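For reference, the structure discussed in these notes is given below.
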Amino acid sequence: MDFLGIIVIILTLILILAALFVIKTKDLVTAVVASAVVSLIASIYFYILQAPDVALTEAAIGVGLSTIIFMITIRKTRRDEE
Amino acid sequence: MIFDPVLMIALPLLAAFLIPILNRFSKEIPKYVPVLILGLNLYESIMLLPYSMVKPVIVVIAGWAPPLGINLTIGPLGNVLALIISLVGFVVAIYNIKFVVEEPAEKYYMLFLLLITGATGVVLTGDLFNMFVFLEITSISAYALTAFIRDRNGAEAAFKYILIGGISSTMILLGIAIIYTYTGTLNLADIAQKIQYIDPKIALAAMILLIVGFGVESEIFPLNGWAPDAYSQAPTPVGAVFGGIVVKAGVYGLARMLYTIFNFEGVFYFLMIMGLITLLMAEMSAMRQSQIKRMLAFSSIGQMGLVLIALGLATERGVEGALFQMLNHALIKPLLFLSAGYLVYYSGSKNIEDLDGMGKRKPFLSFFFAFGAFAIMGLPPLNGFWSKMIIISETIRNGFVVIAALALVGSVIEAVYYLRVVGRLYFKKHHDDQQEKYVHGSAIFAMSILVLLAIVIGLYPDLIMQYLKPAAEELVNKTMYIQSVFAIN
Amino acid sequence: MRKALAVFFLAILGYYMLAVLLNFPFGIDHLNPELAGAYLRDTVSKTGAANVVTSIVVNYRGFDTLGEVTVLFLAATGMGALLYKGKTMGRSRQNASVIVKAGSRLLFPLIIILGAYVFIHGHLTPGGGFQGGAIIASGFLLMFISYRNYHVNHRILSNVESTAGSIFVIIGLLGLLYGATFLENIMPLGIPNKLFSAGVIPLIYIAVGFKVGAELTALLDTMLKTVK
Amino acid sequence: MIYYIAALLLILIGLYGVLVKKNLIKIVLSLSLIDAGVHILLIAIGYINGKTAPIFSTPDLRPEQMVDPVPQALVLTAIVIGLAVTALALTIVIRLYDHHKTLDISKIRELKW
């Protein structure tokens, strides 16, 4: 098991926990942040898997823009999951 | 050929991009752009027929021969469907000219044009991923158009649609991922050639994913929950286009996957059973509806069930019947929708009970609706009769007597609820008198075209059958499709 | 009940999907020499682009990208239509602190330049029109957040969108006119790894960059301006 | 291998959210989780051990040393399409909230679900 392999395993654990957190948490803002974490780790994955183009796109669109769109939507509606 | 068939997709896209600029000059221009562009598409698809009937026309894009680049593969089937799509699109675009749209009107015309362009792209393209992209164009414009009218429950219907549609497009993407993993290609003909070398279990998984994906647009039974709401909440012309065009693109995708790409015998029985369930469920639900547009939506699902039964026969005659039924449905359902839209507008209510006595006050509209109802029931000598007869007789000939009988039961239920509406139109007294409003000339003109075509096809079905025969052959016998793509190298 | 049913269904689904995936070991060499192999082999000599992904996205599968641009255009159009209020509303929010304001004014041009750099160099380095456009839009977002009255002209954005989209299609039509097929490369390929190379790829990516930037900016502005 | 498992789990978690959750924004978030899973899966499929990104940035790179570029191009397209769908879905969520003042899908029941 090399260094990169250990990092990938840690990242995967964080990814799964973040995804579960998106589903479980009652606070929508937290859920959106957790989903941004999922996108960020996906972006790191893409970089490790030799896809820098996709990593850049995921970072700009998945981590950046969609998070912002979700945040705006929550501002326009409500924050708590009833 | 004097033109390149890629113009049928490129020009509408260019026009849609330019509409915001044109709108600055005059608010009137955007209304006429779809009419012009779709008329041009109609002309192109007619001009293309003599070529595609001989052998599929392969259009290379960006100068890369398949499988390297994307290419359009326009066989008889694709061409006939493109013709139907541009014809219905053109007629509805004429109807649109005087249709009262809320602001921002130019966005409505843009979305409408792109909806039809997406469907055209789905039937013309010869590349799996490209098909997915065009399907997304179709469905995203459909989502937006469903919610277009603000004071209705459009947003709710659209959310339902976007939820089912979003999952289905993910399924298609997964299916594409599996197919690409094992065949290493995305070209439809190339996949069809290579699929036989991969493990059937894996091919089955990919096929299930793709059936679920295309099944949403083609309204197969468990996946059609979005349809009644979307049909009834969208603006009338859009409802007409859903029934006339979007469904056709979905069924084409499904048929292309099952017939050309995969070769599982068993799946056709499954398709037939699903078609039967779809038909019976939909006709029974249609019977119970009190709103006319919802009734038409369920009837549309039922018709698709009949098409699926015919496709499930997997014989040439059966596929011919399915295509003929699709053509008839594409002509008649918009007619019913457009006339029902005006009837709803005049009576001021969506309910069937409030249409009493419209036959006297709105003779033209009521005639159009009644004509459409008779044609879709399959009354001879109208066009619906021939296609239903082909499907039923072919089902019996292949030994599926029970299925044929149940399909007939479905047709009878259909006749009952259509006659109920027609009866109300003509044989009931209306209770109050509303203010008089005019039917717009463009709407009458659009509906007359559809009536005329229905009569002509009903009287001379062979006129159409000569084109449907090669189209059916293309599906049943896939070697020609595959060979023509590779002949280009 | 509902949850148990969902878990049961997903367990079956997951099992089958895992079974399918296990058939395909991770990381083995499986390139189809006719497709992926050919792209890798011939891209530099036949399209002049050093970035193979870019050349696939813009050239080999350029038609997909045209569709992709259309999808984004549709999303922006659809949002504009659905959130249309007749008259535009101001954003209701506080101005940010002086430090944030000064900082974003300083950063804004840098972000725009970075975005432009990303889409102009799409054929040489990772990145391209979509990434560059998204970066530009986030630059505008910074200004929206820090300046209450920061105003973008929707008419200009819509003009940029329309023009850039039309340029994409027109480049394609020129390929049809002067070459043989739609979107065909009609310009000299140049020397790979130079800025002026790869024929029409940079032109298309610049158009895409402008279009995506304008679209996403308009999209964010529309969303921010809808009142609660 | 771990990438496959991660992608699969993301897809399943997302599907679970879509099936079970009642909050509109949660449902849209779950849809984007599924999307992310599919994207990771596609890129992982294209990866080949020990090879580099498909960009000829230095002259000594050989085509044989590169990973499969096609899935990367597909995912690029798919990410943008996913953003478009998400943006439209959220617009509809805002509209629904304006009408009904709730984000609970079971309380918005004017049409049959």
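Just so it is clear, A, B, C and D label the chains in written order, and each chain counts residues from 1 on its own.
Rule of thumb we're sticking to: a residue touches a chain if its C-beta (ideal position, glycine included) is under 8 Å from a C-beta of that chain, and two chains touch if they have at least 3 such contacts.
Values in this document were obtained by computation on a predicted structure and should not be read as measured data.
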Between A-D and A-C, name the chain pair that shares the greater number of C-beta pairs in contact.
A-D
Inter-centroid spacing, chain D versus chain A (mean Cα positions, whole Å):
11
On a C-alpha centroid basis, what's the spacing between chain A and chain C, in Å?
20
Distance from chain B to chain A - Cα centre to Cα centre, in angstrom:
38
Distance between the centres, which are taken as Cα means, of chain D and chain C, whole angstrom:
16
Enumerate the residues of chain B that touch no fewer than two other chains.
129, 133, 136, 140, 143-144, 147, 155, 181, 186
Note: chain D residues in touch with at least two other chains are 3, 5, 11, 15-16, 41, 44-45, 47, 53-55, 66, 70, 72, 76-77, 79-81, 83-85, 87-88, 90, 92-95
Which positions in chain C touch two or more other chains at once?
17, 24, 30-31, 35-36, 39, 51, 53, 61, 64, 67-68, 71, 74-75, 78, 82, 126, 130, 219, 223, 226
What chain pairs are in touch here?
A-C, A-D, B-C, B-D, C-D
So in the complex, which bits of chain B are touching chain C?
4, 6, 10, 13-14, 16-21, 24, 59-64, 67-70, 103-104, 107-108, 110-111, 114, 121, 129-130, 133-134, 136-137, 140-141, 143-144, 147-148, 155, 178, 181-186, 199, 201-202, 205
Of all residues in chain B, those that touch chain D in their complex:
129, 133, 136, 140, 143-144, 147, 150, 153, 155-160, 162-163, 166-167, 169-170, 173-174, 176-177, 180-181, 186, 225, 229, 233
Considering the complex alone, what residue numbers of chain C touch chain D?
2-3, 6-7, 9-10, 13-14, 17-18, 21, 24-31, 35-37, 39-41, 43-44, 50-53, 56-57, 61, 64-65, 67-68, 71-72, 74-75, 78-79, 82-83, 124-126, 130, 192-193, 219, 223, 226
Chain B contact footprint on chain D (complex, rising order)
11, 15, 18, 24, 27, 31, 34-35, 38, 41-42, 45, 70-71, 74, 77-78, 81, 84-85, 88-89, 92-93, 95-96, 99, 108, 110-113
Chain D to chain C touching residues, read off their complex:
1, 3-5, 8, 11-12, 15-16, 19-20, 41, 44-45, 47-49, 53-57, 63-64, 66, 68-70, 72-73, 76-77, 79-81, 83-85, 87-88, 90-92, 94-95
